[in-house]
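Chain lettering (A, B, C and D) follows the sequence in which the chains are written, and residue indices restart at 1 in each chain.
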Amino acid sequence: MLRLHELTMRFGALNAVDGVSLSVGEGERRALIGPNGAGKSTLFAMIAGALRPSGGTIEFDGQDVTGLPEHRRARRGIARTFQHSSLFAGLSCAENVALAVRARRGLGMRAWLGSGRNMDIKREVTGYLDLMELSEERPAGALSHGEARRLEVAMALAQQPRLLLLDEPAAGMSSAESARFAELIQNLDTTLLIVEHDLDVVFAVASHVTVLASGKVIADGSPAEIKASAEVERVYLGTAKEIWC
Amino acid sequence: MRHAVLALLVLSVSACGGAATQSAADDSTIKVGAIVSQTGVYSALGDDMETAMKLYLEGHGNKLGGKQAELIVADDAGNPETGQQKAKQLTLENKVDVITGLIASPVAVAVAKEAGAQKTPVVIANAGADALGGPGVFRVSYTNYMHGYAAGKYAVEAYGKEGAVLMGADYSAGTETLKGFEDGYTKAGGAKPIKQILTPFGKTQNFQPYLSQIPSEAKFLYTFYAGGEAITFAKNFKQFGYDSKIKLLTCQNITDEDVLQAIGADAEGITSVGLYSPALDNPENAAFVSMWKAKTGKNPSVVALQSWDAMQLIDKAAAAGGSLSDALAKVGEIKSPRGTFTLDADKHNPVQNWYARTYEGGVNKVVATIPPDPAS
Amino acid sequence: MRESVMRGGDARMSRLTRRLAFAAALVLLAAMPYMLDAYRLDLLAGGLAYGLMAASLAFLVGHGGLPSLGHAAFLGVGAYAAGLTAKHVTPNVALQLLVAIAAGVLFALLTGWFAVRTRGFFFLMFTLAIGEIAVQAATRSTRVTGGDNGLADIPPTGLDVVTFYWWALAVVAVGFGVLVLLRDGPLGRSIAGARENEARMAALGYHVTGVRLAAVVIAGAVCAAGGALVEQKDTFVAPTHLEIGVSVLLLIMVLLGGRQTLIGPLIAGVGLIVLRSVTSTALGELWLLVEGALFVICVYLLPNGLLGRRRAQAA
Amino acid sequence: MSLLVTAFDGIAFGCLLFVLAVGLTMIFGLLDVLNLAHGALYMAGGYLAFLVIGEVPTSLAVFIGVALLAVVAGLVLGGGLSVAIRPLTRRGHLDQALLTMGLAILLSEFLLQVADRGFHSLAAPRGLDGSIAGSYPAYRVAVIVAGLAIAGATFWIFERTRAGALVRAAVDDPEMLAASGVNVRRIRLSVVLAGCALATLAGVLGGPLLNLRAGLDTEVLVLALIVIVVGGLASIRGAALGALLIGQVQTLGVALVPELAAYLLFAVMAAVLLWRPAGLFGRAT
C-alpha cells in the first residue's frame, strides 16, 4: 500500500531523513520508533504531505504521491493526527467530526443545503464519538489533553482512511489513559503507521516495527525481533534504559 | 425575542425621524430647499453658499417675490446618494417650492433627477456638468464647456495661435472644460493643442511628474484644477520653476477666494478666465462686495456670487406669481454683480460675459472682457 | 438538530424563538407602508438594502474570519449591473437583480481568487486595493459607467414607493434567509472550519482556498443584490456609491451589530442609515461628530456589538 | 533630465511617507494595535501649526518651534490613545479599528470646527520657501534631510540602544520581560507616545506639501497603511523601504505610465501582497 523509496530531507547541511526506504502492506500496523532527532516527525510530515521531500519518492496504492498537496492525499485516503492536537477550538466535538465526515462525502450540490442527509451524517458522527467516548456538545477548545487526542483520532477515523498516520498519539497521556488508548487503537482494522515514544503503546499496537536513528533505518522487524536486537538496544534502548532507572 | 424588540426599536426611530413640520403649502410663503455640503471635501464652498443665500434674505427682509421666505438647508456631504435622499426629504416632507445649492456635479445630476420626478424646479448655483439643464432645471453658474470655451477664445489673441498644452484633473469637470477650451481656441483660429495631460482626480499630491511631461516646443499651458488640487498645482508650478519656462492661463477656480489664501504668494501674477471678479466696477458688484466684506471680512468667491444670483433669480420669478417653473423660464435679464446676464431658452444656462483676470496685490484685476458667444 | 453551537437541550427551543422573532419582524416590516409616509418608507427601503449588505459582510468577516475593507466594490458591481441592464436591456427589476447577482459572483471569483491567498490584516489591505481599483474603474470608464457624474438617464422602475418597498423587503428577506441557510448548512460549516483551523481542514481533505473563495462569492453575490436595490431605489449610481467610506460604513455596521451574528449587522445597518438621516437633518454638520461618538461608546458598552454573543471561546 | 528630477522628487515624497508611516508601524507592528486614528493625528499636527503660524512664511526657528509644539501635542494625544486602547488590547484588530475610527472622526471634526472647513496650506519657512537653481523647491530638500534624520534616529534607538532592545524584547516575549522585573506597560506606553508624536510631527513636516482639508485624515491613513503593508509590518526597515518604493511609484511610476496613474498605487500594493503575503520585510505571521 505505502512504499517509500530513498526518501531524503535536507535542512541546509543536515540530512534529517537520509535515503529511507520502507513499505507498509495492507492491514499492517507499522510503528516508527527512534531516539529524539532520529527524523521520525520529519518522515511523518513528508508522508502526510505537510513537507515536500528533497529527494526520493512516496508511492501510495502504486501511484506516486510525492508532489501531491496535503488535501489531495487526504482525498486518496491518507488520514493523520497532529502531534500538538490541532482541532476546531470554537466548534463542538460533533461539528469537528462532522467536518471530517462531510469532507469524505464531498461538497456536492446536495451538500449545500443537505438537511435530508444530515440525519445519517449525524448517526455516523455519534458512532465515532461514542467509539472514542466523547460527548457531542462540548467545544473542542474546552477538552482535556487526553480527550483532545481522542477527538483527533475520531476525526481521522471519520475520514474512513485506508492509511491512518498517528503522530505520537499517546504523548502527554497518563499510563492509564495510554493503556485505554492502546485498547481503542487495537480493534481498528485500518492500515496504521504510528510514530510513538511510549514503547508500551508501540509494542501493544504494532505488528511491525521500524527503528530510525539519525535519519537512517537501522532495524526493521516484528516487535519481538526488535526487542531482542542488540543493535537497536545499543543505539536506542540503551539510552531509553537510563531514562527509566 | 431580543431581535424583534430591537427591530421594533429601530423602526420606531425611523417612524418619528425628521421632525420637519408638515405645514400646508399655502401660497403666502415660499419654501426654498438648499442642498449644500456641510461636511466632506466641498464643505468650504458649502459655507460660502449658505452664507450668501442667508445674506440675500437678510438684505431683502426675508422675502422672495413679496412672499415670506423659508430657507431649509440640507447637507449632501458631497455624496450624490445622500443628496438625492435630501432632495426626497425636501420635496416629499418639507414640500419646498424650489431646490437650489448643488456644488458637486454628481450630486446635482442625482438631485435634478429626483426633483424632476417630484415636479419641483431646480436652480443650480454651482455644478458645471454640461449635461445638466433643460425643463425645470435652471443654472446661474456656468457649464464646464463655456468656462473653457471663453478661455480658448481669449487665448488666441493673448497667447498666440499655436503651442497650446492642456492639463487638468481627469474627471468630468476637467475633461469638459478642456474640451471647451480646445473648441473655443480652434474656432477662433488657434491650432489644435499639441498635448493634453490628465492627472488622476483626488489622488494627486504632487504635480511635478506631470509638469515634466510638457513638451519643450509648448508656448503656453491652460489648466483646470479646483479646491485642494488648485493649491498644489499653483505651488508646484512656481516652485519647480515652470513659471519661467512656459506662460500659464488657468480656469477661474485656481485664483478663487477659497484657495487664494492657501496658495499665498505663488498666486501672484496668475492670469485666469472667469465669469466674475470682486474688482468688477458696476453698482450691483460694489453693493454686493461691501455687504460680503461686512459679513465675512473677505472678498466674495465665485460660489458666493452664484448663490446670491440664485436667490435673485428665485426672487424675480416668485414676484411674477403663477407656477414657479414657468416664471423661472421667463425671468429674462438679471442685474448681477457679474454684469447683466440672461438664461438661454432651452437649456436655461447663463449667457454671460467672461473676464480675463490677473491676480495682483490681493485681487483679480480684470484685463479683458470676452462677450458671450452663441456657439458656446 | 443542526450541529451549530447551542448550550445543551435548549437548541431546539432557541431556534424556534429565533424563527418566531424573524417572522414577527417580517410582519412588522410588512406593515410599515401603512405606518410611514413616502419619504420615510423610501429611507427604510434604503436602510434594509444596507442592512442586507452588512449581513453579507458579517458572513465574510464574522463567520468566515475574512475581514474586508473593499466590500462596497460588490455594492458597485451590483448597482452598475442593474443600472446598465435597466438602461439597455429591460426595465424588469427582477431580471436586473439576477444580472446584478451574476455580476457579483463573477467579480467575486475574479478578485477573490487572488484575495484568498492572503491572510488576516493583509487580506484586509488586499480587499482595500480591490475596492479602490473598482472605484477608479467606475470613474474612468466614462463611456460605459458615465464616469464620475454617474450613470445618467436610467429609466424609472415604474414602481411607486410602496411597491418598491415590498420588492426591497422581499429581496432582503430572501437574501438574509439564503445567508442563514448557507451559514448553518454544510458549506457554512466548512467555511467556519477554514476560519478556525486551516491546517486541520487541509488534513481532512478540504481545498481550503476553495472554501474561502466560496465564502467570498456568497458574500459578494448577496451584497451585489443589495447594490441592485440601492440603484433601483434612486435609479442612479455613481462611483461615490463604492468609495472606501462606504466599505468602512459597512464594516462599522458589522462591528456595531455584532459580527458573530447576521441579524445584528442587519439591524445595525438599518439603524445607522436612519440615524444618519435623522441626525443630519437635526444637527447639520455635527452629525458626523455624533456618529464618531457612537462608535466609541459602542466599542466599550457593547463588546460583542448590539446582538453579538461571545462565541464558545477556547478554554 | 526631468525624469531625474522626478526620481529625486520621489525620494523627497518617500521621506515624507516614511515619517508619516513609521509611527503607525511602531504601534501596529510592535504592539499589534491597529490605530486607524493615525491620519487624524497627522491632521492634528498640521492644523495645530496652521492655527499657530497661519499660512504665511515664518522663520525657520519658529517653524521648528511649532514642530516641537506638535510633538508635545502628539505625546498628549498619545497618552489619551493608550488609555482608550488599554481595555481593547485582547480584543483583536477589528474592535481596535472601530474604536480608533470613532476617535479619528471625533478628532478630525473637532479640528475642522476649531479651524474652518476650507483648504489650507502651511507656508515653507523663510529660507526654504524658494527654489534651488530655480527648478527644485528647497523645502523638499529639507524634507529629505528631516526624513533621513528621523530615520537615522529611529534606527539608532531601535538597533543600538538599551531602550530599543527593551522594546524589541517586549514585542517578542512580554511575559519573560515582565518576569525579569521590567515594567512592560511603561515600554508599551512609550511606544504609543513615540508613534503618535511622529504622526503629529509628520503633520507639520507635510503641511506645505499636502493641503490641510476635510478628508485629509483618511487619505493619509490609507497612504500610511499601504507603506507599512508593502514594507512589511513591525519593521522600521520595512517602513523605510515601503516609503521609498511608494514614493517612486507616485512620482516616477506616474511619469512613466501616466494612463495607469490612477491604478498604480493600489496595483503595486496588491502585487506585493500576492508575491510576498507578509510584505517585503515582513515575517509571515
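The criterion applied here is as follows: a residue touches a chain if its C-beta (ideal position, glycine included) is under 8 Å from a C-beta of that chain, and two chains touch if they have at least 3 such contacts.
Not measured: the values here are computed from a predicted model.
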Compare the CA centroid of subunit C with every other chain's and tell me the farthest one.
A
Please list the single chain whose C-alpha centre lies closest to the global protein C-alpha centre.
C
Have a look at B-D versus B-C and report the one with more C-beta pairs in contact.
B-C
Centre to centre, by mean C-alpha position, how many angstrom separate subunit A and subunit D?
50
Suppose each chain is reduced to the average of its Cα coordinates; what separation in Å results between subunit B and subunit D?
35
Between subunit C and subunit D, what's the gap in Å when you average each chain's C-alpha atoms?
32
Touching two or more other chains, which residues of subunit B qualify?
39, 43, 170, 200
Please output the residue numbers of subunit D that touch at least 2 other chains, ranges allowed.
109, 117, 262, 265
Junction residues of subunit C, two or more chains touched
136, 139-140, 285, 288
If each protein chain is taken as a node and each touching pair as an edge, is the resulting graph a line, ring, star, complete or other?
other
Checked against the stated definition, the touching pairs are A-C, B-C, B-D, C-D
In the complex, subunit B residues that touch subunit C:
1-4, 6-8, 10-11, 13-15, 17-20, 38-39, 43, 73-75, 77-82, 84-86, 88-89, 92-93, 105-106, 109-110, 113-114, 117, 129, 131, 170-172, 175, 200-201
Interface residues, subunit C side, partner subunit A - complex:
1-8, 181-182, 185-187, 189-190, 192-193, 196-197, 199-208, 311-315
In their complex, what parts of subunit A are in touch with subunit C?
48, 50, 69-71, 74-75, 79-80, 82, 86-92, 94-95, 98-100, 102-104, 107, 111-115, 118, 122, 125, 137, 139-143, 155, 159
Residues of subunit D touching subunit C in the complex:
34, 84, 87-88, 91, 93-95, 97-99, 101-106, 109-110, 113, 117, 218, 222, 225-226, 229, 233, 262-263, 265-267, 269-270, 273-274, 277-279, 285
What residues on subunit B touch subunit D, complex-wise?
39-41, 43-44, 46-47, 170, 197-200, 203-206, 208-210, 212-213, 227-228, 231-232, 235, 238-241, 244, 258-259, 261-264
